[in-house]
Amino acid sequence: MSRVDTAVTPTDVLTFGETMALMRTDSPGPLATAHQLGLGIGGAETNVAIALRRLGTDVTWIGRVGDDGLGEKVLREVAAEGVRVVPLIDPAAPTGLMIKERRTGDHTRVTYYRAGSAASRLTPADVSAERISSARLLHVTGITPALSTSARETVFAAVDSAREHGVPVSLDLNYRAALWSAEEAGRVLRELVTRADIVFAGDDEAALVVGSGACDGLARGLAALGPAQVIIKRGAHGAHALIEGVTHDVEAVPIRPVDTVGAGDAFVAGYLAEYLAGEDAETRLHTAVRTGAFACLVAGDWEGMPTRRELGLLDSTEPVQR
Amino acid sequence: MSRVDTAVTPTDVLTFGETMALMRTDSPGPLATAHQLGLGIGGAETNVAIALRRLGTDVTWIGRVGDDGLGEKVLREVAAEGVRVVPLIDPAAPTGLMIKERRTGDHTRVTYYRAGSAASRLTPADVSAERISSARLLHVTGITPALSTSARETVFAAVDSAREHGVPVSLDLNYRAALWSAEEAGRVLRELVTRADIVFAGDDEAALVVGSGACDGLARGLAALGPAQVIIKRGAHGAHALIEGVTHDVEAVPIRPVDTVGAGDAFVAGYLAEYLAGEDAETRLHTAVRTGAFACLVAGDWEGMPTRRELGLLDSTEPVQR
Amino acid sequence: MSRVDTAVTPTDVLTFGETMALMRTDSPGPLATAHQLGLGIGGAETNVAIALRRLGTDVTWIGRVGDDGLGEKVLREVAAEGVRVVPLIDPAAPTGLMIKERRTGDHTRVTYYRAGSAASRLTPADVSAERISSARLLHVTGITPALSTSARETVFAAVDSAREHGVPVSLDLNYRAALWSAEEAGRVLRELVTRADIVFAGDDEAALVVGSGACDGLARGLAALGPAQVIIKRGAHGAHALIEGVTHDVEAVPIRPVDTVGAGDAFVAGYLAEYLAGEDAETRLHTAVRTGAFACLVAGDWEGMPTRRELGLLDSTEPVQR
Amino acid sequence: MSRVDTAVTPTDVLTFGETMALMRTDSPGPLATAHQLGLGIGGAETNVAIALRRLGTDVTWIGRVGDDGLGEKVLREVAAEGVRVVPLIDPAAPTGLMIKERRTGDHTRVTYYRAGSAASRLTPADVSAERISSARLLHVTGITPALSTSARETVFAAVDSAREHGVPVSLDLNYRAALWSAEEAGRVLRELVTRADIVFAGDDEAALVVGSGACDGLARGLAALGPAQVIIKRGAHGAHALIEGVTHDVEAVPIRPVDTVGAGDAFVAGYLAEYLAGEDAETRLHTAVRTGAFACLVAGDWEGMPTRRELGLLDSTEPVQR
Amino acid sequence: MSRVDTAVTPTDVLTFGETMALMRTDSPGPLATAHQLGLGIGGAETNVAIALRRLGTDVTWIGRVGDDGLGEKVLREVAAEGVRVVPLIDPAAPTGLMIKERRTGDHTRVTYYRAGSAASRLTPADVSAERISSARLLHVTGITPALSTSARETVFAAVDSAREHGVPVSLDLNYRAALWSAEEAGRVLRELVTRADIVFAGDDEAALVVGSGACDGLARGLAALGPAQVIIKRGAHGAHALIEGVTHDVEAVPIRPVDTVGAGDAFVAGYLAEYLAGEDAETRLHTAVRTGAFACLVAGDWEGMPTRRELGLLDSTEPVQR
Amino acid sequence: MSRVDTAVTPTDVLTFGETMALMRTDSPGPLATAHQLGLGIGGAETNVAIALRRLGTDVTWIGRVGDDGLGEKVLREVAAEGVRVVPLIDPAAPTGLMIKERRTGDHTRVTYYRAGSAASRLTPADVSAERISSARLLHVTGITPALSTSARETVFAAVDSAREHGVPVSLDLNYRAALWSAEEAGRVLRELVTRADIVFAGDDEAALVVGSGACDGLARGLAALGPAQVIIKRGAHGAHALIEGVTHDVEAVPIRPVDTVGAGDAFVAGYLAEYLAGEDAETRLHTAVRTGAFACLVAGDWEGMPTRRELGLLDSTEPVQR
């Protein structure tokens, strides 16, 4: 296919997974009384990729989409952000789709059209060892193994290949209840955690793997499975981390959130950008909570992700009357 | 006219009155500097009807509109919600119209074009005894008797017919200062109260009929005129009721309101839906305040009315960063 | 489910099938560079139902949708038009969805998300004999048998039941190449033609069943299979019909088409409305071509369907400068 | 009222009449399925005033509107165009309103809310002799005398005052069938024609006054009543005029019209602008047909009115591929 | 040029300066991901002029713009508000332009295209002594002298002419860091302060001229340079003033601001309107803080400016559920 | 700057020049009465680059923009299309801007804000010999040398470097009268023609260089200056070419154009794509006229550029009524 970059270029972060077309209503209310939908895209891995890119990190994303207009949309929006896109066009399955109904300002209902989507047909061959070994870090999420058997195999194959090539593995548990049961997720994600170097999880997600508990217990439980860096994302409560055996607690930046979707992905990107820049754990977490906070200030899963310069706006004083 | 349902079908609630086309600006500011208006519909009785329908109650609305595009709009939007519409197309008068200017986020100015409208020409013949006797409840508002002499006669004739057929009568005082004086309204509404079984009123509206006082006095005053169920709607302060001689006080659900128009109608629908479902007074009021609260979460007079399932969202915890 | 009309009401036309949410771009260009989509609905049977209703015919539509916002949208838009809706809410499958990309003013690309949709799970039990026998006509299309095995069984069961109860059957072949092969379609549609009283077909569609030929041969071929009324829809070339053994040719109304989608459904509705009104074949065809022409004057699959009064606009002279 | 210009300034053209708020759908289709309306203004006299202003003529318009947002809209849009506005704010009646439904690209349905409007309450005192005598020309239309008795009196009083002060009177017959009968209009307009110096009429309008006939007969008939300049506007067929006893025929400029509303007003403005500039009859008619043609190239009653520089675009050659 | 009012009319306030086309995104987020921009206008002097006009004061604005569509836009929007516009069309330079990116709800980034703009080419001849002497007050800002040498000369010439004719001079320091250095601004503005009668300044702006300090010291410092009325605008902290030797402190009206841009201009207009109406200092400041507060309730630099009637809305109680 | 690709990747086509933000009104009419503008981008070289990319050719664009939101917009839209972007962020100058007013359907007025723009500050160092030698073709236009002295030097330096490295040079004359005189353009473009291998020109543009004449004479005249391939673009009249000494004439594809801007760039891309694919002259010209025609079917300078698959739509038959 003509858009495939056949050449493999060295990159900081390699990631892959499903990015869908995303349609949403402009203002709160029932979808049934709406007449227009905004058309965009969304996917946990590309959210992270875009946030990393805006922070100055080089990222490559392998994306499988259908041979349709929505697939073109997904590819063009990710490429627009400066992410290196390795497009895989599946002629036999459509691009996944999600529709967001903001029923009220605080309650969102999402309908997915992703069963049998192109991205659910990812196979281990789509993520070559050559690409993996050309990266400084591999980032995967717990969504991909829930998409299909072949997608799950792809994640495990990629992670194993990364380990083999000495490429550190970052994993965000990202449990999606619409895709699989807590039981199955817990079992599979546990397997992934044992193979990862850096693990991100919400409290509930960590509990799927190690059983419920306070956040320090959750972090210790995950770390006991292998990863040297475990970060518990706690939203408005900040973050708790166990990094190379040292405990860190960081507070959230106080903001008035507009849209919290994507904030977890922003957090991950903030952490990884500093990690790859060689910064210490405190700096990683400091940037992570700030990036996560900033992403909440704009509607959209990724549109609000900050550049490093924009992160500085969080420190600016109140606007005054002019 | 072809759209009239000549057959009379048994229904839970029968209601009638004026529903107008409703145009409004998208964002706060002067109407004079706006260039686009949203086009919808609004009317107290159809607000109640739609809210009842979303809660699962069968409702029939008799609507008189002009033979014009805005009349078609009114009929189609009410029918869209699953309300049984008995359309009366008046070839000689236009559909009423209201324009809402949101001057600031907190201040709305409404201009009406309803003098001589089709709905103001309602006559007693428009609401047949057959339809009334096929309903389990008749709901009327204090707006209709203010529209014209014939509209007033229609309300009284319908109420009398309901009483004759043993159909309970629900009345929402709904005083509209733009339509008539407080004096005239007080006199006419008092007459209606004496004929009603269930009466809803705001503090100020109750005072028009029984003189000002605290809300328990207002309720007692109204109940003394006849109705077995008197409910004082108190907005952010909840509700006070005197039902079958028993006093009830219920608190409002704490929310951040987006648009309070329609909340009183939602409250009425919540109460009536439970009443018709055979629920006790506490349940009726509990659902009433919750339905009223939910309706405030979305812009629009009726668009945000909740289904029973959606009412449950009021209990959900804070959204978290994902 | 609360919205189901359990009571069965006599109706002129009963129809059923898949109606989907329909998203489309406003102006020509790639979907990939669009940022907003109009949200509406579309389905051949509801297009016919809405057009019939606007012409004054009473219509009932049995619609199976998912338990989601798009399903609510489908139900509310059909109900808005005054069609009696018998809603079947499928908790286990989503509402079908189609996305229309107007690549240029003349070229449209449609992507469907309908595999496994709620409507594809129609079963014979969804269309009761009681409903069929309460109608004066049953209208089905060749789309429904292509959706799934159970949907196909539903069509055949309904048609057989109609014949049993003496209810005439109208069939629009409506071949959809995206759903099945020409071979399979030809075989199944032939079976349906033998059971129908009124058959509508484009030239190509007729050829699937009786082999290619000129339109008079196609009509004779279809009539030989049983139906007393065979109408070949020829778009800008008008129509050819063989009705009760008599041949009719009618020219199209000359217009500048804006959007031809839905014109065939409008044609069918024009024909059936006059047939049910007891008009002769010439009148039926005259109204059919005019209704079809009018529907081309407005963008949207059904939005432009005319009322009887609006049909008169086709005769108005040129607008003059005022 | 603070906006009234109490000072009277010399002006080229003085005019007055009803200008309404104007709401319209963006694209063809039923109003009932529209969700947004464009908000603007329209009125024959202000259309002429705006067109005159864009051509460089100084114009003053006396406008009576309600004390509401739509009235502010009317005043601000006319003032925006550089027309001197003498605002009269009527606290007791609303601003008139019209709603335009473009049912198809060629068929528009207009609904008016102007009965009892502020402008229908114009009185002779609103148009002072001082203002009239400060103008070089008074322009009135046949719409104003149809609004109410007092509005009719206002027109006659203004015309008589102009004659008394030696100010020439321009009259556009502008018959509106929605406002009065052909008989009454014919009688009243005849009276006005006898008092006018310049009369503009369509064929049909002229026939109301002098009986039907060919356009040269119509012009002679009107001229026989008094006016020295009679111009028959013939839209796509150009114009016929009888000016100071000399007959003139001018062809229309060939264009593809987008919206013909306002073209007649543009024609009048083109004629009057040249008349006031002292140009001869040929030049007046030449500019009139060109201004009328240009106004058809843009949607909107007045938005497309040309400046003198823009009139030159009618002569430009075909755009080429760049 | 045809739009120039050659006649000079007496006016309450004369002002001049650069008003630009203003484009802005609808909702927060990066400009780079926006697809539509709202098109309006903005300029400190016309903000003041419009606010004054809405409060009932007669205002004249001399505006220099390019011979382009944006220049027409600027002129028409200011004229729309009832401000007398003296248009100066510069055929050799474009109209200035500003683009506002609302990066988050609280952070705005503005890009200017005003270097070499038409307004930067203002010359002393553009503001005639005749116009100045026909006004009751001249209002200038510290923006104009930063635009160019000739613009600076124009301000000084106008101020000197006003003093010569006994016309009081109002000056708002309005320091714009994008246009000149603090040093140069401090020096030039100091010169202007010595020539002004009424001076408005924010704390920071005052400090540029007299060195930093508390607001009472700043006011004393400015007053020491000559002006009898010095008002320090303190936004959400109200205002401090030293008027005819008397100190005044006034609190702000508590509001939830939507957009604070233009609030300072509204404040100035509120003060000047009361000053020209002969009201005392307390009344001037009372109206100033209220006008400033109101302007914050609507998005847009000037769109939300209140009329006197609308100012009363600030006292209305909380909206209740209806 | 972080987005710069420091690595140089082999590419098919290298190009550079000014791409601006592009704002335009949605529908015909004066800019002064518009309230919204669409925000996009445009530039001759990126139009060609995007069209090439959609046809499957690998392209690299070197783009100099300001450090502002519009610059980010330019970079993201070009990158979105799969073009390799080498971004040069100029901290000291803004991104160029153009505003398109569609005064009527056939007349467009463009206002530029490009004087002193970032792209006008291109220098020879921005286009390294290493990048040039890694390309199979260099494409430049006659716009860039008109921007500034340094931009002109950049073009000549790049062309000379290409010749030195054996990289063929493609030149589109693209004369822009707003930027320089015909005399200066003729002189400079003549110098460029002598250095080019492939030259594209409209009739008028060719005449600037070789004097006016028929298109065969123009082609011979240009070819005499050196280029082996000379193609005269003739819009609706097709094209005339003199390629390796052989004359070719090709007709245009008959279409109803919606927007002809960008058609010439599409033509160039169609030609170059086939040239680089090794196709013969007839195939190159055949694809060129088809690509040019297709681009006219969609509004926007580049949005409508076709893929190879979409080119096939030009052969599809009329859409039929469905």
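Read from first to last, the chains carry the letters A, B, C, D, E and F; within each, the first residue is number 1.
As a working rule, a residue touches a chain if its C-beta (ideal position, glycine included) is under 8 Å from a C-beta of that chain, and two chains touch if they have at least 3 such contacts.
All values derive from a computational prediction rather than experimental measurement.
Taking shared numbers over all numbers used, the chain C to chain D interface scores under half, which places it in the different class.
Note on C-F: its contact pairs, compared by residue number with those of B-C, B-D or B-E, agree for more than half at B-E.
Per-chain Cα centroids separate chain A from chain F by 38 Å. Measuring from the averaged C-alpha position of chain A to that of chain D gives a distance of 62 Å.
Remark: chain A and chain C have CA centroids separated by 44 Å (rounded to whole angstrom). Residue positions of chain B touching 2 or more other chains, listed in rising order: 30, 33, 35, 76. Per the touch definition, chain F reaches chain E in the complex via residues 23, 30-40, 68-70, 72-73, 75-76, 94, 97, 99, 101, 109, 111, 113, 115-116. On chain F, the positions that touch chain D within their shared complex are 27-30, 33, 103-108, 202, 233, 235-236, 260-264, 267, 292, 296. Within the complex, the chain C residues that touch chain B are 2-3, 7, 9, 56, 75-77, 79-82, 85.
Within the complex formed with chain A, the residues of chain B that make contact are 256, 258, 294, 297-300, 303-304, 310, 313, 316, 318-322.
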